[in-house]
């Protein structure tokens, strides 16, 4: 059994990690930290976990994290980097579900996250944990940067086109829509039920932290610098991301459906829908699957790709566990082989 | 492996059965019928099941249901009784998730369901599938009447008090609230999103089919005729039932919390919450658990019991599978041992 | 034109007051205070009011509240009582939408609101602002205590029965359900969208501040002490309260429908629905109406009364304006004569 | 008083028309037709209108529509054209809120609406009822084609840029999101609460009827053929449309904010938000306003325009009444001068 620890388990990513790990056949949950909730039973905060998780939250300092085989960090940005060096030196592998190790350029990181990076050398060592792109490296990684939720869906939507150099990379448009759990469990007026229910809005049009992350990955895939106009929106639902991506073909593309099906044929968690489909976010709710449909409306220039994920699973906790499975040579879908819940 | 068939799998109970059975370790899904959808792939109708269920719907007549070990009937009321005798004679066990075999009195049944019962003799043979009451009989049953969603939550809420004759059975009040999936997947104006979202209402105050079912079970438990004022309400959410039950004690009750904890100590799917709790329906969402909290507000006469279930799981498909597990001597929680999904 | 001021206008009651007053034909909005938002334009915080409200929030000390004819206090509990004496002495009338003047007994008040009352003498002078009960007194009042949202719906539901001494007042049950806006606009984890959407729960079963307020009014109406088992619940919707009230008749009641219709025949904001109705909260959304249906299910003892209001209108801002209209001899429905918005 | 009739008043546009007209100061509601509901009281179907609308639905043949000054048609597509000639000949003005008179080309109309047009000559005579474009013609019109909900928001979003020839018209992208009431009140499985709540999806990517309508108007504004990639999405909320529009400037644009503010300075129902804003659909809920924000993210090519409307008001019934006000020389905002309802 793999000994697992979690840093910062009181948010939505934390409880989702706990939910999946609780029935993972190869994992023993050792420790979960929370400075604010030290001493509280996990199941007192999250009654959904009664009879499944018997741990109490402990203060980070008393946690004995070094005894674990792997640590998931599910904290706000800027915390994982204060633990990383110590844990890696102790031989513990680390998967950061926040953004501390996603960008390669420390100056970019400082600009977007508003603080200096504490271990810029580790930025280079960290592997970007998108298995559909980096499976081989993830298997050998000691430090994995779990991708953001928007970047996961947008990258998977564009990957086949960019790898094959079929579209113009200088004018990509990603219109993305997320459920409210993506905003986290912090007490903010803007995320109150009475503020966001029965309403819809865009946000951060002038620039969102996931923008440089998306462009970094897509540029690597394309082999040249790409530019993405990325506009995130808030949907009055708890879970789910729907990315609608618009790309201009450089040339006539013969079998775009076949291109996607072929590229993802062996991927356990990417499902290319039949031509003409409109995937719903609920078709992936509480599952680690990304479903994709690709459209090329007659007589129009733009290819339209629709990609849906559950932001807390493939967009956070589930993908982190997929990465753990790879790092420890387990079946890639171990603990994750369950259908979505619908309705 | 147990060979399972499903009659009428295009509703919410059907897709929930499929979801749970798809990963049940001791089950092989053989056949699923739908007259209207014969020939359609299950996963075309429910993309959430892609890669998990590879069956097509078949017309009932071609289904070969007799080759199964057990049939779940997830049809509208009045259909299961047209299959029951034939299947039982063929040695197939049957679990009806609709209401055909819930009431013992055929006249009552005809009154509430608006048609004559076609096999009143089987009403006597059928076992009411509430394991917390009838576990022993369920294990031996060939025909199980799976309880209604409201009756499940209300019976579990009152059971310890009635078994111990501690409350007045002539003036019980059950104020119950259900998510909209309880109304089924039929196309009705009243269940449109724009009709039920951002609204709340009671319905069927003059009488609901679950009323006689509740009174039948509670009267048996109490050993005398009980009367329940039962008012169901519709909540703008998909899943979940919350029953708030009011009972007047016949006498001073010393340790009502202990009474509940003791009664349910060995029950795998009933969780008595700590004193003072207010269980949320989300704490049981997509799980087979019923969580109960019992209150006796100071200086007031009424005991208040709060009970929550997922209407599609413990209130329908999950309880049906719990019954199947009992009938086939499997672990009672086989396929059902997963935590609720929160948020 | 009546000069109106608002103390504490940044919550949901505040914005609802502003919305209604903005088109009220006899009102001039003079000033609105907020210590935290002083200097902010009202329409910057609430873009829905752009072009309708041109005021900025001002600090209370600079507000010149004494120049107004009437002040609405839409602050948290405990604030209005610090302004009341000064304003009343300056000849300004006051309508407190919070709870400072609702209870007559200062000890009860201190117990439930956790602080000493600062002007217990004014508790006696204050008129409880439920026009259907106290219309005459409200017209003459200088200080009005606007009722709570739950008490408004529950009192209107029971009033005809209690006035006529037709039911047992010692075992009343009020099972009430409220939308989330009733919890206010404060940043609390418990009111986040991802916490309350797709879920339902009871709260404060052991005792809620509106309990003594309900019993105070009902006891006066009944002419004897009544006891109400009051259980509030949280509904995943923004606006609306649905109270389901259970009362045991003392005797055969011949024409309960006629009793309600007669009692409320002249009330502009109480609508007795036809016999057999189930009022939906959306039928009163964004309106000042309370709709009531009364049921007496055959062969059962309990009368069941269903009452719906919009908690922010008849349960708060609308009723406050109805009270203002009465205090200033305007048409009682001035500014309030608009239908509910459906869907 | 203007005598008003409504054809087909049982849908969401119908009830919204009734809600606004009920308090319109210059209107008398004469008649409302429904073949299926003839004889039913309007307020029995829509209790929100009790005390405000006292009409019964009547069969179209008995309706005496010719006695009205103006008829609103709120039927499914294809019905208004069967009434138009007769009503116009009788001197009645007509506002069709469905699509019968929106497209100028009868072949296009037949292609997208699946039937032959019955009075192609009237297509030329009909005025497209977008006051911000056609105010002068609407004032003189006898037959107005009320615009679609998506076209209203997308046209208002792009109008200033296209009129000034500032953007490339051959690669416009309109990613639009609508609440569920836009799908109407028909009983369809796809619009059930349990199907669309907690989910998000695109639809009709291969082509939507509003596409040619959008391109027709935008081409006229631009003075050249434009091409729009239009992708509609379904949001789990009742009301509201949010259109996110992406346009590529042909040249450096100096003061894009000023361009929008100037263009809409005199428009009573278009509100240009301050630079950097993100309008929420709730900021226009139940109001006739369109709020627009224009962004040009630094160092990126695309201009991003955000436009929100209430699909049932500015996107249907409200705009129809705005058109009626213009046609009858009333104040343009008569009956419509109310703030949005928030929360």
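Per-chain numbering from 1; labels A, B, C and D assigned in written order.
As a convention for this text, a contact is a pair of C-beta atoms (placed from the backbone, for glycine too) under 8 Å apart; a residue touches a chain by one contact, two chains touch by 3 or more.
Every value quoted in this text rests on a predicted model; they were computed, and no experiment measured them.
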When B-C and B-D are ranked by contacting C-beta pairs, first comes B-C
Farthest CA centroid from chain B: chain D
Whole-angstrom distance, CA centroid of chain B to CA centroid of chain D, is 45
Between the Cα centroids of chain C and chain D the separation in whole angstrom comes to 36
Separation of the C-alpha centres, chain B versus chain C, in whole Å, is 39
Expected list for chain A, residues touching two or more other chains, is 12, 179, 181, 194-195, 197-198, 236-239, 279-280, 282, 285, 343
Among line, ring, star, complete and other, the chain touch graph is complete
Chain D partner, complex, touching residues on chain C are 12, 15, 19, 22-23, 46-53, 181, 197-198, 238-239, 271, 273, 277, 279-280, 282-287, 291, 312, 337-343
Given the complex, residues on chain B that touch chain C span 170-171, 173, 175, 177, 179, 194-195, 197-203, 205-207, 227, 229, 231, 233, 235-240, 242, 244, 246, 248, 276, 278-282, 285, 295, 297-298, 300-302, 304, 306, 308, 343
Per the touch rule above, chain A residues touching chain C in the complex are 12, 179-181, 183, 185-189, 191-198, 236-238
